[in-house]
Every structure is written in structure tokens, then in C-alpha cells.
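Look for chain A in each of the two complexes below; its partner is chain B in the first and chain C in the second.
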Partner chain A sequence: MTLLEVENLSVTYSPRDSAAVRAVDKVDFGIEEGEFVGLLGESGCGKSTLGHAILRLLEKPAAITGGSITFDGRDITHLDEDELRPLRWADLSTVFQSSMNSLNPVITVREQFADTFAAHPEAAGDRPDVDARAGELLEMVSLGRDVLRRYPHELSGGMKQRVALALALALRPRFVLLDEPTTGLDVVVQRDILDRLRELQRKLGFAVLFISHDLGTVMEMADRVMVMYAGEIVEDQPAGDMIESQLHPYSAGLLGSYADPRDEVVQVAFVPGRPPDLSREHAGCLFEPRCPVSVDACRTEHPELLPAGRGQARCLLVEQSPDDGALLRDVAPTDRLGGVFSADSEPRARGAADTEPVMVVDGVGKTYRTKRGVRTTTTRAVDDVSFALRPGRVSALVGQSGSGKTTIARLITGVERPSSGTIRFKDTRVDTLRRRAMRRYRRHVQLVFQDPFSALNPTRTIAYALGRPLRNHLGMTGEQARQRAAELLETVGLSPAEQYLDKLPGQLSGGQRQRVVIARALAPQPEVIVADEPISMLDVSIRAEIVELLDRLVRERGIAMLYITHDLLSARLLADEVMVLNQGVMVEHGPTLEVIGQARDAYTRRLLAAIPRPGRSRESWPDEPPNEAERVPAGS
Partner chain B sequence: MTTPSSTSMTAPAPTGAGDTEGVRVAAIAAGRSNRLPGWFVILWRNGKCRFGLWMLLAFVLVAVFAPVIAPYGPRVDDFGLSEGPTGAHWLGTTARGEDVFSQIVYGARTSLLVGTVAGVLSTIVATAVGLTAGYLQGTVDEVLSFFINLGLVVPVLPLMITLAAYSPVKGLGLIIAVITVTGWAFGARIKRAQIITLRTRDYVTAAKFAGDGTARIIAYEIAPNMMSLIVVGFMGSALGAIGAEAGLAFLGLGDPATTSWGTMLNQASMGGAMTTGQWAWLVAPGIVLALLITAFTLINFGVDALSNPHLRED
Partner chain C sequence: MTYFVRRAGFFLATLWAAVTLNFLIPRLQPGDPAQAILSRLTGKSQAVDPAQLEAVRKMLGAPDGNLLAQYGDYLGALAHGQFGISYTYYPYTVTDVIGDAIPWTLVLVGVTQILSFFIGTVLGAWAAYRRNTRADSWITLGSTFVGTLPFFWLALLLIFVFAITLRWFPDGGGYGGGSQPGWNWLFFSDAFQHSVLPGLSLLITGPIGWILGMRNNMVQTLGEDYARLARAKGLSRRRIALTYGARIAILPNVTGFAIALGSILGGTVLVETIFNYPGMGRLLLEAVSNKDFPLMQTLFLFTTVGVLIANFLADVAYGFLDPRVRRTEAA
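So, the complex of A and B:
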């Protein structure tokens, strides 16, 4: 029978000083007992709002404005808090998006379990044996029983996430909502946790609604996939069918973001543009402005969610074609996509491998000393690393969290000094620069940050952010700087620039902000750019766009780039050579295809295995130890 | 098959930035013209705070238009001594023959002046010390933190009384100086804590890479992000300053030449207002002082929302 039935559900945000936004619009779906359903969509399409509505966790200014939610035959749309309490966690539980912060920091893991049991005597029994049951739950998520005695700060991010998952399952709920449960974790750790989750779900038989923007992962995990766009469900299909043929052009665009980095020719696609403004009425199909296959009718007629294939789709083209979306199926996949970025096995037409390097890193090491009382511990963050950066070429630096990637970026940019070895920029020794010389040096070496949300000052306009380096490093006047800032925005694809100059960062989307961050790095005309995981915080669907932009800039401007990442697909697309770092030591180094194609290092292989490949079974690496490479912070 | 069409009037961007952008931009542009500062909008939204702001506005108007509102000058003593409330003198006259109502009206000037000036001064000192200590850290921080801690542990009331009593000059300037010296430390401590979390933000690093110097980074990158905290600090010190002025004046440590509610209370109690049945002389300054402090307290409900987004009513 249907466990969760959502009918015609609408959620509206009504902030005080702006127009109401209908974040979820007449959504209709059901989840069967024990079913694993994926909910996909890019940031801001309403998927988290829908999840919160189902759990009845919406807070002002958001409210359910129509429709109903029925759980196990009981209408929970208008239950008050007291009536909801026995249901929550016992029947409906969740793993929060920021589960890092969902554990109480002042009590041990055991007490968190004890609290959960005590709050639900009807589900857990009057005097549950906390140690036995919590221990069992922890073992279920591959953690040792000794974790029970630990405090949350003594656990790594991945371990906290496992504890949160074990807590969610503590009362044997029948429905678990997972809202991007692995965001912010190392990719390999993510993969381990998700694999474990899928196994548990099969074993225990709870139903799951899995919310994610990562289509590849969802397709691998879920039985059925729903795609959400601009507050509406646009496609609902069994996962297997969806891999074969996507009914809606948007799903096709999302699926285009995946490829195997070991292939001879790697091609990824993206959906240009942004979701529509939901505070206004739209006449036609909401996806029409971004749709590569739209027809005239799409502009005026709003499509309904109608049966197609073995699922449902909301698209006029699917509706009109007699044979369930055959019209779409005839179009070649890449034609259906807005933008395509590809890399083949040929060497790239940019800087040659033997040009004079602009930056030479020679035998560099960095040791951190931490004093704790009388004891001094030394940590070797980077050990004897050597490489060179050449104009017009991209070197990718790959490694897991804590492998020393970011330390190398800090050494190159002069934020820190190496303990041994030399770093040379042209004829300058970077490691011995004094303050004033350092400021001059930074004109030549610029940084692209990982998090576009903290890299721009929220109180300063885009024109100001771009104007500062121009005025400081190039000595421009205010008017010249503004003009150049506009040119820079056009360069990074934010056009017309006049629209963006006087905006504050809060008015831009994540992808647009990252473009501004890149424009700011370009402003002083640097020879070297260090990009520290520039796409890891962005939606999967727009990552290829940023990679394409970086590639074009390197090619056109002859910039030498150090690209730090743990995403091998983007490294394959962008980089000429790949360096793999493990615990501060460089373990692999060579041309991209060689390193990725014939990965020798264990970590490189695990990274490869972690890349989702919808439709293909993932290879496992039998020579791998199954445990994740997580370290408990020292001093626990 | 058609190509993606544009819904906006502007040309679509070559690589990406979507067609839906144009309309949004227009909406934002319309909303941005004649915009009040964000912190004021948040204060105004809170019902209690809005009431407090109206009350404060009333006091400000009374202070500004005192010569128009008050029937006599505050120091004019041509009236009968120690009269009770009459039609000519609504709140009676003092033991020296001055009109109490006129003194109340002029007293608003003193209270608001002390509140504003001492509030601004201690906010400036607190911000300068707190930001410098927090941003530079190291030895500078150690030294400045020592003075902040000193300011926090020294008992304020005895220090104020001592300073005011033994100072060779009397006057409003002295009162303001005393209040500033004793009131800046708490704000400095809070601002120092805040800048320590802000100084490691990526945009501060980005400003360094853009070639900005330390002073510019503090003033242009960090300070705007602390605006709500600075406003909170100002409201707190202004309220404290008004109370402190009244307290010092009541204890007889104020400037006898200025008319303030504190000195009125002092004179009323010295002049035996209760024994002569002049309740209005004693009660009126107390009530207006309480009303002004109530106004600030109500505004503080909104100020709380400034520093803690969870308390915002939207």
C-alpha cells in the first residue's frame, strides 16, 4: 500500500517586503512501503522545501497553502505539534543536510541515543538497554561500539554523519527523508556512506525520499526518480528507464553532466541559464527559456504532468508525440543540451609542455608545530614536493581532505612560508619575500576560492570587488576601473555587464558569484591562478559551465593554473597534467590521461570508483580495504 | 526545432547567465532606489520597537522645540515659591520660584544630548579598540585586552562618583567624559570577539590579494559587516549614559548650572518637595525619565532582532 501520499501540495513563501513565492506548486506523488525514491533538481527548485513540508518542519514565512500529506492513511497536513510528536522519529525520521551540526555537542553519542529512546517509550519500550541497542545501530553503520563514549567534536565529519544516520534509524522508522545527507564530505567518504545506506534500506525495508542535486548518485541509488524544476515535478520514472531515455529535456540536461574520465573522449553538458522567478506568473512551460528543443506552443501553454513511458512527464513535446516521447528520443542527446564541453585524448591546443615554466616548486616541505602544554607535536603537512607551472597549461592537484593540497596553495601564494625547499616565480624567490614585495608579487599570482558564498563581501557591490585589484595593482582611476570591471564581467560570461556592476553578491546565484570570483582573480592580469576546488560547492548541472570558462581563460590568456580538486572528471576535462597527493607526499605525477587511465595509487582508484556512472555498474576494487580513510582528530 | 528564445528585453548572455535574468534585474533596480538602511528596516518592522521609536521621536521634538513649547525659560525665577500645580504653572514652581514644566521640557535636551554624545563617544572608543585588538592580535591584542579587562572589572559607580566629585571642573562635558571612560569596555569586548570570526573570511583574504592595506580592510570590508553590532552597542551605551547622568546629578555631582531631570530630582528632594505637598515637582522628572528609558527598552526589542536573526518578525 502507499505509505506516503502527497496530493496537490503547494508551499508559498510570503516574506514581508517582497512578493510571495510559490516554491512548491501542486505536487502530487506517492511513496510505497520500502520504496527508495530520489528527488532531483538544482538549487532553489523547491526540493528541500518539499522535504520540510512533508516533515511539517516549515517555518514562517513559508506555509503549506494547499493540498494534503497523508502518511499511512492518516492526514498529517494540519496536525498540531502535540499530535505530530509521537509520529516524528518513530515513523518519520530524517538525516539533516547539515548533520555535522545536528548532534548536541555537550553530550556523548550514547546520551543522544538514550534521549531518542526516552522520548519515544511507545516505540523503544519502557526500559530499553541503551548500550546494547545503540551499539547494534552503530555497528549497522560500520562504526565501533566505542564511539558511544565519544563527544561529537571527537568524531570526523563522516563519522558524525554515520551517527546521524544510525540515530535516524534508531526507532525503526518506516519513512526516512534524506536531504543531501552527504554534502560537505570527502567524495570517497560520501560514496562509502551512501553504499552502506542502500544496503541498510534493502535489509530493513524502510521507505526513503532521497533529495539531491547529484543526478548520478540518485540514479544509482533509487528505484524511482522524480525530477523537480521551479517547484513542479517535471518527470517521474523508474530509475532504470530514466537512464535509457529521459522524457523531459531538463532531465536530459542534468544527465549530461556525467562521463567516465577514463574514456578517450570525455563530453559533458550543462543547462545554461537559471530557474525562473517564481514570484511572477508564467504563461507557458517554466523550462521554456532554457529549453533547447522548445516549440512555439511551449511559450503559451503550460504542460500537465501526464503519463509517458512507464512514468510521467510534464512536457508538450512528450504529450504531442503519439509514441510516448519518441519525438524527444529521436534527437541526439548532445543536440538536446544547451552547452557541451568536451576533451579528447589529443594534447590540447594551448601552452606546450616544454615552455619555460613561470613557477617552479622545488623540494618544498612544510611542518606545523603545535604546542600542547610541554609536549610539542610536529605535523608534516607537505613533504618534498616538486613541480612546475607553465603558461597556458593546467596542472591538477588531486588528493583527499587533509592531504596537503590547500597547504601547497598557501605556500605558492605566499600566505605561508615553506619549512624547506624553494618556490620561484620567474626570477623571484617567493619564500623569502617581505611585506611590500609580497604585495607586488600577488599581482601576478591570484586565487579562486572554493566557496563563492564567503569569497565575496556581502556588503560590497560587484563593481567595488572588481575595482579594488584594478586600482591597487594597475593604478587605475575610478572611472577606468569601472569600465575594465565591465569588460571583465563580459569575459566571464556575465553579460550585459551593466546589470551586474551595482549588484550585491546576495542577488547572484552560486554560479554567477563564482564567475565574479574568477573575474576578480583575472583583474590584475596575473600569470598564475590557483583555483582551490572552484566547483565543489556548485550544483552538478552548472559545474561544466565553470570548467569551460576556466579552460577558455587559460587558453586565451596563457595563464598557468594550479587546479586543486578531488573531482577526477573535472581534472580530466581541464588539466594537462595531474599530480596526486597523499599525506603530503606526491604519489603520482604525469599527463592527465595516463594518471587517470592507469591509476596506480590506492586513493586515485578509490576516487575513480566514487564517480557515479548511471547505467553502468561501478567497478569495485577488490584489492582495497573497505574501510574509509578517516582519521579521528588527535587528542580524543 | 527552435532556438531558446529570450523573455527579457536584453540580449541573452553568450555562455549561460539566463534569459530570466532581465526581469529580475528590473525588479531589483526598482526596489533598490530610495532604500532605507537595512538595519533601520529591521528595527521598524518590530511592533514594540516601532512604538519605542515614536516615543523617542516625541522626546527629540520636545528637546528641539523646547523654547516654543516651554511657557517660560528654565531659569526664570519670578514666580511664587513652592506653588502646587495651577493653571499658570501646570506642574507648580520650585522652591526658588522656577516653572517646573519648563524645566522638564528643557531637561529633555540635557538627557538626549548626554545620551547621544556619550553613546557616540563610547561606541567610537569601543569600536576602535575592539577592532584593532581583534584584527592585529599578538602583542597589540594582549595590551589592549588588558585595558578592556581592566575597564570591565573596575566597579563603575564608585569610579564615576570619584571622578565626578574630585574633578576640578564641573559641567556637562565632565559628565560625558566620565560616562565614556567608564562605559566603553563591554562594547570593545564584544566587537573584538566578532572581528576574530570575521577576519578569517575568504573575502578578507581576497582583499589582501587585491592589494588592500590593513586599515582599508578593517574599514571597508569588515566594519560594514558589523553594522548591526555597532548599532546595538550604541543603543546600549546611550541608554546607560542617560541613566548615569540622572544618577550623578541626583547625587549632586552634576553641574548645578544645567537644567536636567537629575538635578531637578536633586533639588526637589533638597527643597523638601514632599513636605510642602509639591508632588508634581518630584514625580514629573521621574516619570519622563522612566518614559525615555522605556522608549530605549522598547527599541532594544528591535535591536535584539538586529543581532539575532531568529528573533526577526517576518
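So, the complex of A and C:
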């Protein structure tokens, strides 16, 4: 029997001061006992809302406005909180998005297990032995029993996530909802956790709905994958079939964002445009404005989710083709994708490797001292690192969290001074600059941050955000600054600029915000840009767009870029050379394809193995202790 | 453990700094108190007789010796609880004067502050627990409304209604009606009668800040992921509200409460003035208007030390309540 049956489910957000938004629209699907189902979609497509609706955790202003949810034959759509309580966790449990904040900060891990047991005497027994059972659960997720006595802030992100997973399995639920459970964790840690999760799922036999925007992971983990777009399920297929052929053009676009960075020619696609405004009625297919293969009928006719192949799809083209999905399959992959960004083995027509460097880092080291009582511990964050940045070239700095990447960025931008070695910008010694000179220097070196959501002041307009560096570094004010801000927006592809100048960051999508952040970095006409994981927080479908933008800027403006990342695919696409950092030491460096193609360092190889390659069996791990990447951050 | 040792260290260091500043500031001020007193007595234009000046100095016990020696004497006197002689209540010592005033303030303001915090926290937590219901609206709107009323107006209204019109309570003072301060029933019941109106006025206005602060903090914590997870875990509403809501939301208020407790020693000038209450606040007002330097200086010292002690206690409490600070500090 179907364990979870979702029929015609709609969820509407009705905020008091704006139009109602249909976040989930007539969604229909079932999950069998023990089945692992993936739910894929970009941010804002309604996947988390759907998840919360299934768990009956929606809070005002969101509410279920139609349809039903049946769990194990029982309609739970309208149960009240008291009727739901025995079902919660004992039958349906969950791991939330990245869990950084899903453990109570003021009570120990043990207590969080204890209150779960106490709330469910029917499932846990009247007097459960908390230490024994919770300890066992922790061991199941490769954590020691001593974690029980710890508080959440004493654990690393990966450890917290393991605790959350152990907690989710505490009462042996039959269904677990995983809502982006590993987003924000180090790639290698992510891998470890997901592997363990799949193993446990096979062993314990619970059903899973795995929500993620990370297509590669979903494809690898799930038996069946559903793709959600603008509140609707647009495709539902067994994972294996979907890898072979995607029915919906949107799925094709998503799948196109992956490639093997070791290939001679690497090509990734993106889906241009943004999802539709769901507070308005749309007549035709919701994906039509972004669809590269749409026909006239798409604009007027709303497709239904109809059987296709061994699954279902919501697309007129699929519907009309005699052989399911054949029409789409015949179109060349590059043509059915909105945009393509590719890198081949040929050197870029950009700055040559022998041009005069603008920035030379020579034998730089940075030591941090932390005082704990009378003892002083020193940490070598960066050790004897040397490299040069050249105009028109991108150098990628690759390494796991804590390897010293960000410290190098701070040293280059002059936020911190090196403990040893020298940093030269043209003829200036950066490491000895003082106040005024440092301010002048900063004009030439700008930063692009990782998180576009916190990098912009939410209470100030875009024009203001761009106006600040123009005023501080170039002395521009008033109409002149506004004019230049508009030009900058056009440069980063936000056009027409007038439409964006007076908006607040909150009114823009993640990708648009990151473009603004890039525009701000360009404002003082810098010669060096340090981009610290600029795409890792963005949706997969638009990452390639930003990579393309960065590439274009570097090429057109002859900027030297230090691209910090742990994503080898984007490094391959963007960088001319790659440097691999491990515990502050540069372990590998050289031309991109060389380093990636013949990776020698264990960490680089693990990073490569961690890149999801749907449909291909993953390479085995290099022999390394699995928890190496998860040391408790020291004193952070 | 290191956390508590460090906190204690900080406390002692700030205490020393406060005591020393209290010593230095009056000495760094220009002018001579004896001269000032004499000028006031004789009128500005007239010349001051050096002998008179000397006499006043003697009377005040103006210090001699160099600054370091004075500092030593000052510390010694502090250690023995000697703060000099009050100009206003000559020949009583400052210690006597303060000793008379302090119980009144401690009892009235102390009790109302603690009650206010308690009431405010409970009401605020209740409002957050029942957020967006009628109970929440009543509590939030009600306290915002009362918060807009001027305090003195509220106090005068209380006096007008309960003391003058209804004659249920006396309209001012700390005691009266034939009782004398002492450990007897008559005095206590009398003092209680006198404290009802000032106490009530403090209790009406006191909890407002705590209510709004607690409600807003708690609404926020209840919106966090861990509270949502607690709901998904099927915990009871009570457990969620207490452990995942109030327990975390109360933390920022603890510091505020400590500072409020610390400032008790300074008294509340407005209340004590309106109700003619014989506490520290009124004393401070008198000291300032009479330029009673020894008294003023001591009152300031008391307030500072009070706030410091309360802060230290808050830090200690915080260490127990919030495991996060212990570690962050240690690292």
C-alpha cells in the first residue's frame, strides 16, 4: 500500500499586505513504503513549502487550500495539533535545511533526545534508557557517545547535521523528510553524510522524500525523482530514466549544469530568466518564458501532468510527440538548453601566462595566536604560500573549509597582515601599508562575497550600494554617480538599469543580488578581484550564468582574479590555473586542466570524487579517515 | 570555570576603576568647595576672609597632603565605611544619612523591580505563546498604551484617586500616623500603607519594557528552526514554549534586569519626589540641590558599585543559562 499519498494539494500564502501566492499548486504523488524519492527544484519553486505541508508544519500566512495528504491510509490534512502529536516523529520525522540552527542552543544533545523520547512514550517506552539509545543512534551516524554531553555550538556543522539525522531516526519513523540536509556543508563532509544516510535507509527501510536543488545528489540518491517548477510537479521519473533522457525542458536545463571537469571540453548549461510571479494567473505553461523549445501553443495552453515513458511529465511537446519525449530527444542538447558556457583545453584568448603580474604573493605565512588562560596556542593558517595574479587571468584557489583560503583573501585585500613573507601590488608593498595608503590601495582590490543575501544592506537601495564605492574611491556624487551605477548594472547584465536602481536587495533574486555585488566590486575600477565562493549559494540553474559573467569581465577589462572555491567544476570553467591548499600549505598548482586531470593530492581527488556525476558510478574514495574534514572548529 | 574566574577578574578591575574615578573626578574639578560655600554665604562681591576660609575647611574636613596620600586615606576610609560628613545633615555622617534612607529604597524599589521583571516576563511569554490571538493583542496594545502615559501623571492620578478622593492610602511619606521606625507591628503596617501607592505606580509602569522585550524575543525564537523542529518532534506546546522559546528568549533580558537591579541603590528620583518618600532618590535630589559633595559622591559610588555587582551577578547567571558564552569567552 502507498505509505504517503498526496492528492491535488495546494498551498497558498496569503500575507496581509500583499497578493496571495499559490506556492504549491495541485500537487499529486505517492510514496511507497521504503521508497527513496527526490524532489528537485530551484529556490522559490515551492519544494520546502510542500515538505512543510506534508509534515503539517505550515504556519501563517501559509495554509493548505485544497487537496489532501493521506498517511498510511489516514487522512492527516485536517487533523488538529493534538491528533497529530502521536504521529509526529514516531511516523513522520525530518531533517531540516543544513541544521545549523535546528538544534536548541541552550540544552545538551542528550536532552534533545530525551525530550523526544519523553514526548512519545507509545513509541519509545515509558522509561527509555536515554543514554543507551541515543548513544546507539549517534554511533549509527558515526559520532561518539561523548557528543551526548555537548551543546550544539560545540559541534561542527557536519557533526550537527549527523546529530539531526540521528535524532530523526530516534523513533524508527516510517517516513523521513530531508529538506536540503547537506546544503552549506563542506563537499567532502556532505558526501560522507549522504552515503551514511543511504546506507541507513536501506538497512532500516524508511521511506524518504529528499528535497534538494542539487540535482547530482538527488539523482544519485533517489529511486525516483520529481522535478518541481513554480509550484507544480513538471516531471516524475525513475532516476535512471531521467539521467538517460529528461522529459521536461526544465529538467534538461538542470541536468545540463553538470559536467566532468576532467573532460577535454567542458560544457555546462543554464536556464536564463527567472521563475514566474505566482501571485498572478498564468494562462499557458509556466516555464514557457524561459523555455528554449517552446511553441505557440505553450503560451495559451496549460499542460497537464501526463504519463510519459515510465513516468510523468507536464509539457505540451511531450504530450504531442507520438513516441514519449522523442521530440525533445531529437533536439541537440545544446539547442534545447537556454545558454551554454564552455571551456575547452585550449588556452583562453585572455591575458597570457607571461604578462607582467599585478600582484605577487611571496612566501607568505600567517600565524594566529589564541590565548586560553596562560597557555598560548599558535595556529599556522597559511604557510609559505607564493603565487602571482596576472591581468586578464583567473587563478583558482581550491581547498576544503579551514584550509586557509579565506585567510589568503584577507591578506591580499589588506584586512590582515602576513606574519611572514611579502605581498606586492605592482610596486607597492601591501603588507606594510598604513591607513591612507591602505585606503588608496583598497580601490584596486575588490571583493565579491559568497552570500549575496548578507553582502548587501537590506535597507538601502541598489543605487546606494553602488554609490558608496563610487563616492569613497572616485569622489563621484549625485547624478554622476547614479549614471555610473546604471552603467555598472548594464555591465553585469541587469538591464534596463533604471528598473533596478531604486530597488531594495530584498526585491531581487539571489542571482540578481550576486550581480549587484559584482557590480559593486567593479565600481572603483579595480585591477584585482577576489571572488570568495561567489556561486556556491546560488541555484544550480543560474550558476553558469554568473561564471560566464565573471569570465567576460575578466576578459574584457583585463582584471586579475583570485577565484576561491571548493567546486572544481566551476574552477575548470573559469580558471587559467589552479592552486590547491591543504592546511595552509599549497600542495598543488599549475594549469587548470593539468591539476584537475592528474590530481595527485588526496584532497583534490576527494573533491573530484565528490562532484556528482549522475548515471556514472562514483569512484571509490582515496584511503583517508572519513572524519578528517570534520574537526571541531578550534575556538570559532 | 575559567569563564567565572575571568568575570570575577573583570568585576574587580572595573570596581577599582570606578572607585578611583570617584576619587579623582571631584579633585580634578576646578574650584574650592570651601570657597564656594563662603561665597554663597557672603555674596559674590565681598572678599573672603582667609581665617573664615580656614574655618570652613576645618569644618568640612577638607583633605591635605599630596594626591597619593589622599588616595591612600580615601581607600582606607572606604574600607572602614567612612564617607565623611554630610553638609546638609551636619553633623551627621554620610553613612548615617544613607543608612536611614537605604532600607526604604531597597524594599520599595527592590520588591517592585523584581515583581515587575517577573510579571513582565510571564506576560510577555504568554503573549508570545498565544501570539496573534486576542490575549496577545490585549497585552501588547495595553502595555504600549500605558507606556505612553507620563509617569508623574500616572502617579498624581493614583494620589488623587486613592489618597485624596477615596482616602484609602496616605498621600506621601514613608511612615506617619504616630508610628516610629522600629521592629514593631504598628510601624510595619504603617510603612506598608505608605508604600502601596508608590509601589503600585512602579508596578504599573515597570513591567512594560519586560513584556514587550520578552514577547518580541520569544516570537523570534519560536520562529527559529529549532522551535519548528520541536513541533515536528511532537513535543507538547508547553515544552516548546518553555524550553525552545522562553528559555532562550529570556537571555537578553537577564542583563537588562541586572542593570535595573543595580540601579535600585540610586533610587528612583521621580517616584520618591512625588510621593515624598524618604529613600535614596530623594536624598540624591537633596544632595544635588544643596551641593552636598560628600553625600553626592557617596551616592554615585553606591550606584556605580550596585550596577557593577548586579552586572557581575548577571554574567554569572548568564554563564549558567547560556552555555554558548562560557565557551566563546574561554576560546
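The definition used in the following text is that the second predicted complex is superposed on the first by the 623 of 636 C-alpha atoms of A that agree within 3 Å, B and C clash if a C-alpha of one lies under 4 Å from a C-alpha of the other, contacts with A are read in each partner's own complex, and residues count from 1 in each chain.
Criterion: a contact is a pair of C-beta atoms (placed from the backbone, for glycine too) under 8 Å apart; a residue touches a chain by one contact, two chains touch by 3 or more.
Just so we're clear, the structure is a prediction, and the values are computed from it rather than from any experiment.
Bringing the complexes onto one copy of chain A puts chain B in a clash with chain C.
Of the two partner chains placed around the shared chain by superposition, neither chain B nor chain C is touched by A:Arg149.
When chain B and chain C are set side by side, the one touching more residues of chain A is B.
By the touch criterion stated above, A:Leu494 is placed in contact with chain B alone, chain C being left untouched.
By the touch criterion defined above, A:Lys60 reaches both chain B and chain C. In the superposition on chain A, contact of A:Lys503 is made with chain B only, not with chain C. By the touch criterion stated above, A:Arg429 is placed in contact with neither chain B nor chain C. Within the superposed three-chain model, A:Arg202 lies out of touch with both chain B and chain C [touch as defined at top]. In the superposed model, A:Arg310 makes contact with neither chain B nor chain C.
Among 150-158, 168-176, 240-248 or 294-302, the region of chain C with C-alpha atoms clashing against chain B is 150-158. Residues 60 of chain A contact both chain B in one complex and chain C in the other. Per the touch definition, chain A reaches chain B in the complex via residues 15-18, 60-61, 272-277, 280, 288-296, 299, 331, 338-339, 413, 415, 439, 442-443, 446-447, 449, 451, 454-460, 465, 468-469, 472-473, 493-496, 499, 503, 507, 511-512, 515, 517, 520-521, 523-524, 542, 545, 548-549. Residue ranges of chain B in contact with chain A, taken from their complex: 1-7, 10-11, 13-25, 27-28, 31, 41, 45, 201-203, 205-212, 220-221, 224-225, 227, 314.
Put simply, chain C touches chain A in their complex at residues 2, 132, 224-226, 228-237, 239, 243-244, 247-248, 251, 321-324, 327, 330-331. Chain A makes touch with chain C in their complex at residues 55, 57, 60, 81, 84-90, 92-94, 96-97, 99, 101-108, 115-116, 119-120, 151, 153-154, 164, 167, 370, 372-373, 634-636.
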